[in-house]
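Look for chain A in each of the two complexes below; its partner is chain B in the first and chain C in the second.
What follows is the complex of A and B.
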């Protein structure tokens, strides 16, 4: 019988899951992914997490609980740093410990540390450590990783083309249509676990889609642009996520290539508290691009979110018509 | 008797519900401002009854618009042509009052907004987030604590000569601060003025953060009745603040204007008529247990017939409604 590896559908999931899923499947493990976020997962997560943690961490714990009795191992790596001289949110760094102390009766965790802060020299060792949970054969692990990397690149390319992992399922967000200047082009930004988890984002992407919005995410403008613009910051932003977003904001302020930006943030997020402000300053003040901040939390009051989205779309519509000298409000 | 063409605007908010009847010359024929009291359906019926009794004319409703957090419910009950969010509705109403308005401050029972306009279009807006410290509920609560009628709050604030500083960030801290100031012996007017300043400071630091407030400024919503708050805004901004004559029903006025525009495009109204005030409404709630989302489904019946069903995430229940209505018909 093959070993069952459970992958929680939370936090880094939307950035990396094809990599780890393929990796373990190539090592002949059975990969089980927790269910898309639902009320039960949220409730369980909230119940079993310290109060001060942010909503995404609570949801992550809910996903771990969903897998608890179905897997031999649960995949919760200790993500310290993915790029040189950059860090990831402190909650990612301490995630395995947080999970272990929050939930009882867990199977063993795959909690290998990923730390490329100094260099990527330890990459091979890190990969072996992940593989050793299943098999001791280094050659097989190498081969599995190559395969995984291929899948991961395909996945990233799909996102670049606007095929987005809503709840982990790749969906052509703009229906494969080419952008038409007459429709509203809106960039949705924020942590991937907020954007793509349709339960916690209150279905933001689909709501925009239903309203005929052409949606783009930072990945779709290309990392070469983002990195080039991020390099112009006075000081290096040491959070990987923050660097990506600030690069995007400078790019937007310069090109003014979108009709609006929606920033989705979870209440109490430390990184967002800084990045959101800097982003808003760049894109709203310098780029004069309409900006909407949506803060999500445990509450289920969708009315407030809907009102803001509707008003934002009205405003853009109005502005677009004015700029094209067509009739007034409506 | 001549038949009068007119438009109906309904704003169902968390605290108050208001209804406006506007004629073709944009004149307000009747308005009702009342508490929602957690019973939106009954309140809408009551308000319509009151509107009808206020106008002694034969009415031809050419269009209906709804807004506020209860806009979808209201639209279903009366049969509305336009269902709009509060920001757009308030913006349009203010533009109709001051054509070149640049800033709208709107403070209601449980939410507050700032809307910035330029060249007659909305450029930016913000709504209060998690906390109701800068809203009407906060003032109500503090007035109750001081044992004064909220209607006298404004005029008392204006009598102050030496306002005290009170923390406006949070209702709980404000209370602590207020008690402390009372026990130091400050007089009531100064404390009330301090509270008004605190609320304005909270609004400007929270909603208006990083935004350029330019004249003309229009102040609307239920709290605009409070002359003390108006004065505090004027002093904090160094600008004159206009309060429109129908400040308390601006959302509904915006709906009337939107309904008028909708009708002008040649659209026929789906208004169900004033007879709905005699109908009996029933609301039933069920918790769906088909998946772990456990959605709370709401069903609304009029005179025993199902009218609407919503609240499900997957659409299974709300999609069934058409079939159910056909079956009943």
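What follows is the complex of A and C.
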């Protein structure tokens, strides 16, 4: 019988799941992904996490609980740093420990450390460590990783074309249509685990889609633009997520390419507290682009969010229609 | 050039000596107060952590007293503190204060900017002069931390409540009136002698509590609502996991060279938290274990709301509480923290520790029989 590896549908899931899913499947393990976030998962997560933790961590714990009786291993890597001299949020760095000390009766965790802060030389070793949980054959692990990487690239390309992983399922967000100047073009930004998890984001993307909005996300701009702009910052941004967004904000301030920005942030997010401020300053004050901040936590009421989205879209509509008209008076 | 800097407990004494020995003009921000916090809150983003808000208050109060340059130290992640310098710069310019900022970030390969900033701050390019001043500042910070340890010891034992604080408060007022290393050291020495000579009451049993958590909230008495005084009055002797002298030594001298003096603490935290995750989470965990082994009666963790590394530590600490059989209390600070509720929790915790100690000793007696 093959080994069952459980992958929780939370946090880094929307960035990396095709990579690890293919990787373990090529090693002949059975990959089980937890159910899309629902009330039960959220409740379980809230019950088993310290109060102070942010919503995404609580949801993640809920997903781990969903998997704990169904898998031989649960995949919770210790993600310290994905790029040189950059980090991911401290909670990601301590995630395996948080999970381990919050939930009882867990199967063993795959908690290999991913740390490329100094350099990427330890890449091969890291991958072997991930593979050794299933098989000891290095050649087979290499082959599986190559296959996984191919899949991962396809996934990234799909996102770039606007096929977004809502709840993990790739969906054409703009229905394959090309952007038409007459409709509203809105950029949705925030951590991937907030944007693509339709339960925690209150289905934001689909709501916008229903309103006939052309949606874009930072990945669709292209990393060459983002990286070039991020390099102009006063001090290097040491969070990978932050660098992506600040690069985007400078790009937007320069090109004024969108009609509005919706920033979705979870309450208590330390990274957002800084990035959101700097982003808003750049894009709204310097780029004069309308900005809406939606803060979510486990108590957020959907009606309030709807009202705010509607008001924001109306405002953009008026702006688009009337603002260019110069008064005939005076 | 009139330089100012943010407050962090007794750090200002050392910074004052450092700059005065170099002959640089400086403005010491007024002690943190409700007013400082209100100013800070007004100009800071809502969801940022508390230390930044207090720092902003410090800067603006100093600017109003004539400061025109701010010196800020920094780090390079993964904790929010790493981007403090940039965001403070933006906030100050947004608030309409046109002011020069000197950033002392870890060099990360860019030694030229680092040394340029040091030369700019010190107003001299003579390395001997800088090192001499630095050495004096280190002597002073060690002496001040030592003085503070004496107050930790004496406060719960004093016969007439308030004696220690009278001398200690006078010391803080006095610091602003003296100049240079020699006079500061003299003041520290006389205060120390005065506090040591405070009469002791030997009848009450002393309880020991270790204070762990985020460095700024531990060290800055205004932010933690003067926990050392409150606990001292309840008959508790404390020890803090992080001290300014330790922080300076780690942060400014050892870390850039890839060294550390915290090896022992890291080893203690190893079974619970394997790597560093930014901030002082590893020290929080490590010291909790060390305090338990050294026979402390309890530990209190303090951190500002939404502090990321400490949240990770908080979810691990209950396991340590169980494994090492040491009671643990968590206090989270923000600008809304009310003093009465805080006091009630401290009193309840100390009562619990006292009763627990009594029961444990009762059991020992039974076994002895």
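Quick note on the criterion: the second predicted complex is superposed on the first by the 321 of 330 C-alpha atoms of A that agree within 3 Å, B and C clash if a C-alpha of one lies under 4 Å from a C-alpha of the other, contacts with A are read in each partner's own complex, and residues count from 1 in each chain.
What we mean here is this: a contact is a pair of C-beta atoms (placed from the backbone, for glycine too) under 8 Å apart; a residue touches a chain by one contact, two chains touch by 3 or more.
Note that the structure is predicted; figures quoted are calculated from it, not measured.
Q: Quick one: classify A:237 as touching chain B (first), chain C (second), both or neither.
A: In the superposition, A:237 contacts chain C only.
Q: Could you tell me if A:89 is touching chain B, chain C, both of them or neither one (first, second, both, neither)?
A: second
Q: By the touch definition at the top of the document, which applies to A:78: first (chain B), second (chain C), both, or neither?
A: A:78: touches chain C, not chain B.
Q: Thinking of the overlay built on chain A, is A:322 touched by chain B (first), by chain C (second), by both, or by neither?
A: A:322: touches chain B, not chain C.
Q: Return first, second, both or neither, reflecting whether A:157 touches chain B, chain C, both chains, or no partner chain.
A: neither
Q: Who wins on chain A residues touched, chain B or chain C?
A: Chain A has more residues touched by C than by the other partner.
Q: After lining up the shared chain so the two structures overlap, which partner does A:281 touch, if you call chain B first and chain C second: first, second, both or neither?
A: It touches chain B and chain C both.
Q: A:311 contacts which: chain B (first), chain C (second), both, neither?
A: Once the two structures are laid over each other on A, A:311 reaches chain B alone.
Q: On chain A, what residues does chain B touch that chain C touches as well?
A: 267, 281, 295
Q: Under the definition above, what is the set of chain A residues touching chain B in their complex?
A: 35, 38-41, 199, 203, 267, 280-281, 284-285, 290-291, 295, 297, 303-304, 306-308, 310-312, 314-315, 318-319, 322, 328-330
Q: Hey, which residues of chain C end up touching chain A in the complex?
A: 45, 47-49, 74, 76-80, 82-83, 85-87, 89-90, 94, 103, 105, 108, 272-279, 281, 305-309, 311-316, 318-319, 332
Q: Show which residues of chain B lie in contact with chain A when the two form their complex.
A: The touching residues are 69, 84-88, 92, 95, 119-125, 127, 129-130, 210, 258, 261, 291-295, 313.
Q: Using the touch definition up top, name the residues of chain A that touch chain C in the complex.
A: 49-50, 52-53, 78, 80, 85-91, 93-94, 97-98, 101-102, 113, 115, 234-239, 242, 267-274, 276-278, 281, 295
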